[in-house]
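Paired with chain B in one complex and with chain C in the other, chain A is shared by the two complexes that follow.
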Partner chain A sequence: MLGAASWSPLFEPGFFSSEPVHVALAVGAIAAIVSGIVGVFTVIRGQSFAGHALSDIGTAGGSAAFLVGASTLYGFVAFNVVAAAVMELIGIRKPRGRDLATGIVLGASLGLAALFLYEGTISSSTTGATVNVLFGSIFTLPPGITTVIAVLGAASVALIAVLYRPLLLSSVSYELAAARGVPVRLVGAGYLLALALAVSMSAVTIGAILSTALLIGPAAIALRLAIRTGVAIFLAAAVGVFACWAGTLIAYDSTVWAGGNGWPVSFCIVAVIFVLYFASGVVARLRADRRRTTTGEQPAVTTPVEVG
Partner chain B sequence: MLRVTDVSVSLGGRRVLDRVSFSIRPGEFCGLIGSNGAGKTTLLRVILGLIAPSGGRIEVAGGTRSRRNPQIGYVPQKIALDSDMPLRARDLVGLGLDGNRFGFSLPSATRRIAVDEILEAVGATEFAEARIGNLSGGEQQRVMIAQALISRPKLLLLDEPLANLDIRSAAEVVELLARIAAEQGIAILLSAHDMNPLLPVMDRVVYLADGRAASGTTEQVVRTDTLSRLYGHHVEVIHVQGRVLVVSGAEHQAHHGHDPSPREP
Partner chain C sequence: MFASFMMNAWEAATIVAIVAGVVGFFTVLRGAAFAAHALPNGAFAGAAGAFLIGANTIVGLGVFSLAGAGMIAGLGRRARSDVATALTIVLMLALGDLFLSRTSEYAPEIFALLFGEILGVSTSKLWPTIAIAAVCIVAVAVLYRPLMLSSVSPDVAEARGINPRVMDLAFLVVVALVTTMAVPVVGSLLIFSLLIGPAGAARSFTNRPPVAMGLSVVFALVTVWVAIAVSYETNLPIGFFVGAISAFAYTVGRTWTAWSGRRSRRGGDRATLADPADLADQGTAHAGAESG
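And now, the complex of A and B:
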């Protein structure tokens, strides 16, 4: 590979020729792009809890799929889509109703997940099921799964593209959108479907319970830096892909540093996101300070002025 | 421009509006006054077509009301404009133009000019490129008004736009709205719990109490006898240094036995 020698301190041998790494990079990138796009709306709609709930619900689906010998992806997708539909039916229109509905579905499915994981552990006599479902299986995915993920990813991105303006308007004000003739309920349901797919994909990548990190983290970073929706979405997707790839590389390389037993990929990806989130806070702060000094604007009297 | 006739609304078995009637002509500035829970937001929602009335009729610009009426511009009370909302002032105004359409908008010169014009009209050009969440309450209201005006409505509804504004910003917003009503012939219906900031510009007032309404000019409505009849018990309208205070008290009720209200014990 061209330049492989000069890059060798960064990329451990075999990184670019390993089949599981190829699949991991492709699946991670798709999951990150979809999560970044959907995640921006999740954050501005204040539905992080729904996103997290879907990922926990997916745990039941993933473990059920593992139990019957299917790919966990199908379990995640099936359970998340059904859960999203149930959440919509019970009524997620009012914030309070939304939280209650999410809470009820969440409790029931975590109970199911406990049952399925227990059964899975008994039948296979390993803890593989638990680790696989909860913390992801990006290095052990069958190569054919990439196509399925690409199709699902394209579907949810297309859904967001179609709903883009009404979704944004109803995020600013549900009332205003309804008054303008936006079918707010339908738009909300469509968004929830895209969210369910995004969460499923990131559950496969970094595990069910960490999938919110890929959904919320890059979006939160982007929203600190971008003031336009389009830019925020692009940035969130880019940050997500970077975190996934950097995390995958670190995990791969760590097998050498750590002497055989490398760090889990999900840990590495989440760690990268956390570091970037911290850095984005510093950047946003520096920018605000610079704007204040260039415009000669004084800090408002009512806000406490920080010294130093 | 707007004619509301005998409109009643029941929500959850409770009668929120009771045979409310009033009308607004083009270019008129009308205040919708009442305390919290008097039915102001419900009335605006009925006019917007978001709630079906249980009785009565509503005509907007000659036609009966329907949802997605482009004749009506709306500034809602609750808007989620947190500092992380990734929208510039001009983006929010753009949503007023075509936010109800599916897909996303491609940049176009006509769209940009339309947005620039309306931002200029409300005095928001200066902060057009700023993140909406970083603007002050008064600046955000200007942008929301621009958002409502860009679809060229004939009737503008505003739900408590002065709540949470300081006195000076509130006065500026009122002045802007009065100018828009006068210059563009747009009828304005603005809800508020305090009528004082509106007194200099209000052509008409619709006063709501317990779902019932009294309407007319300020002189006709904001009087001790009219409001006492509306409230069903004695209230006193007091003018102090150019401000109007509506005071009610149990001791007044006993004292003024001649109150014509049928609800008086």
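And now, the complex of A and C:
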């Protein structure tokens, strides 16, 4: 344990001994690592919309499960896997058409969610469920959830690991991968399944906002800084965990200076991600300038694809 | 169904559908589905902020959706547009979360902003909707030619002195205005479905832009009218019917394209709709047309 006394200006009392904080830090770290790994491919493939949409689409499954009294998490996961399959079946490769197909699936799912939530609010007359599904709350997670989401996250990462080479090739150059005999559609479907698992896991526990924030933010930061994809994946996971923990700490500490009513964790984590995003832009630009002055050449294209 | 208390709902829905049909045509053409989702969804932060400081909801929605449009365009200079949009919606939603945490009274109204309260539209709410709708239509009419050219063929547009970034920002500002107009009356979910469903279906049936835009408006009108009627009869949320009808229309459109494409191929002449997904490539046939 860190010397709590020397850190006391930074950590408000109780941060290290509070059970909800332990769960929040563990769940946040798992979500951040899985999202960082999957997110690098999301950004390279230009599928941010699908990544964000799944966090909303699952709401329909979650609210349906809520309606019949089943587990919200399993409803969320089941619905997202089906939605990912539908997106893949529509099968459009150009980003424009693909985003439209994603949007249609999202619109239909949100319509279903409206229906289920409406039925749900008639029976229990509360809008708390809507708000909870939308924002999540990292500080109110049951301790047992850690195991379940660790399994889901591991499944998602394992899928990425199995697909790694063909996925990377088909993400960077679809035509080249197809020419080399990579089953690009199968790989794409496998990737969407991994994305659906990762997003369901994070959206249910930490909410739709943080799910997208941790999927896209750290990956975009890492891809600005790292040249090799493998390095970018590690960097994205590390940035995600840092942002998550730093944001949780700020939110915890904020109860003191905000007079009892602390700032929401989602806002604090997103704020940290934005600071890092702009810092990474400055670092990348400085690095490009230095390379230009030392070698006296025009800056070469360093990344295989222009991202981040 | 046509009782006097329903008239405002019919009028609001009709206005929103006409504007959504027109702007939706460009949304689909530019592949801006993500922005069409992000601005209406994120703009609720503006409503929450306005509530917090005691300002008008429409002002809050307007300020935040315009700021969001600027942010997507600004971040998009150094990042891919989908990443820029994702970061923007995340920041807007997080700010909304922050504003909501400062008050304990606002929560039920989120439900209304997400799913709309079209049956509760008052006449005083109708006037801003009409005014902003008129601004949107005029803006699209003024921007029509440069926006069309830069959507279909960015390279040609740039060669003719049309700055693609300016067009991008101009289009996002129009989406922001649509957001401000539509979210208070129909909710963010409904306007999103109306922006992409009817227009997505329309362009499956025709290659000619003015016809596609007209069809898009017709489909949007049919969608909301049927949705209101069925919702009135069944007492279920309108958002569900709009989402379902939009998805149905899109599916019919895709099926029609696939079917007519196969038929014309069999008939001997090469199908003009080689890829039903991208009308933009039809006119220009050069591969660099994607990305904004």
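A few points about this structure:
Heads up, the rule we're going with is that the second predicted complex is superposed on the first by the 258 of 308 C-alpha atoms of A that agree within 3 Å, B and C clash if a C-alpha of one lies under 4 Å from a C-alpha of the other, contacts with A are read in each partner's own complex, and residues count from 1 in each chain.
The definition used in the following text is that contacts are C-beta pairs under 8 Å (C-beta built on N, C-alpha and C of every residue); 3 or more make two chains touch, one makes a residue touch a chain.
Quick caveat: nothing in here was measured; it's all calculated off a predicted structure.
In the superposition on chain A, A:S63 contacts neither chain B nor chain C. Counting the residues of chain A that each partner touches, chain B and chain C differ, and the larger count belongs to C.
In the superposition on chain A, contact of A:S202 is made with neither chain B nor chain C.
In the superposed model, A:V43 makes contact with both chain B and chain C. After overlaying the two complexes on the shared chain, residue contacts for A:N80 are found with neither chain B nor chain C.
Contact with chain C, but none with chain B, is seen for A:L112 once the two complexes are overlaid on the shared chain. Look at A:S173: by the touch rule set out above, it reaches chain B but stays clear of chain C. Across the superposed pair, chain B and chain C both touch chain A at residues 43, 46, 220. Put simply, chain A touches chain B in their complex at residues 40, 43-44, 46, 161-166, 168-169, 171-173, 175-182, 220, 222-224, 226-232.
Considering their complex, residues 43, 46-49, 51-53, 90, 92-112, 114-115, 117-118, 121, 127-128, 130-131, 134-135, 208-209, 212-213, 215-217, 220, 261-264, 266-267, 269-271, 273-274, 277, 281, 306-308 of chain A touch chain C. Of all the residues in chain C, the ones that touch chain A in their complex are 28, 30-34, 36-37, 78-80, 82-83, 85-87, 89-91, 93-95, 97-98, 100-102, 107-108, 110-111, 114-115, 189, 192-193, 196-197, 200, 236-237, 239-244, 246-247, 250, 254, 275-278, 280-281, 290-291. Across the complex, chain A is touched by residues 45, 48-50, 67-68, 72, 74, 76-82, 84-88, 91-92, 95, 98-105, 130-131 of chain B.
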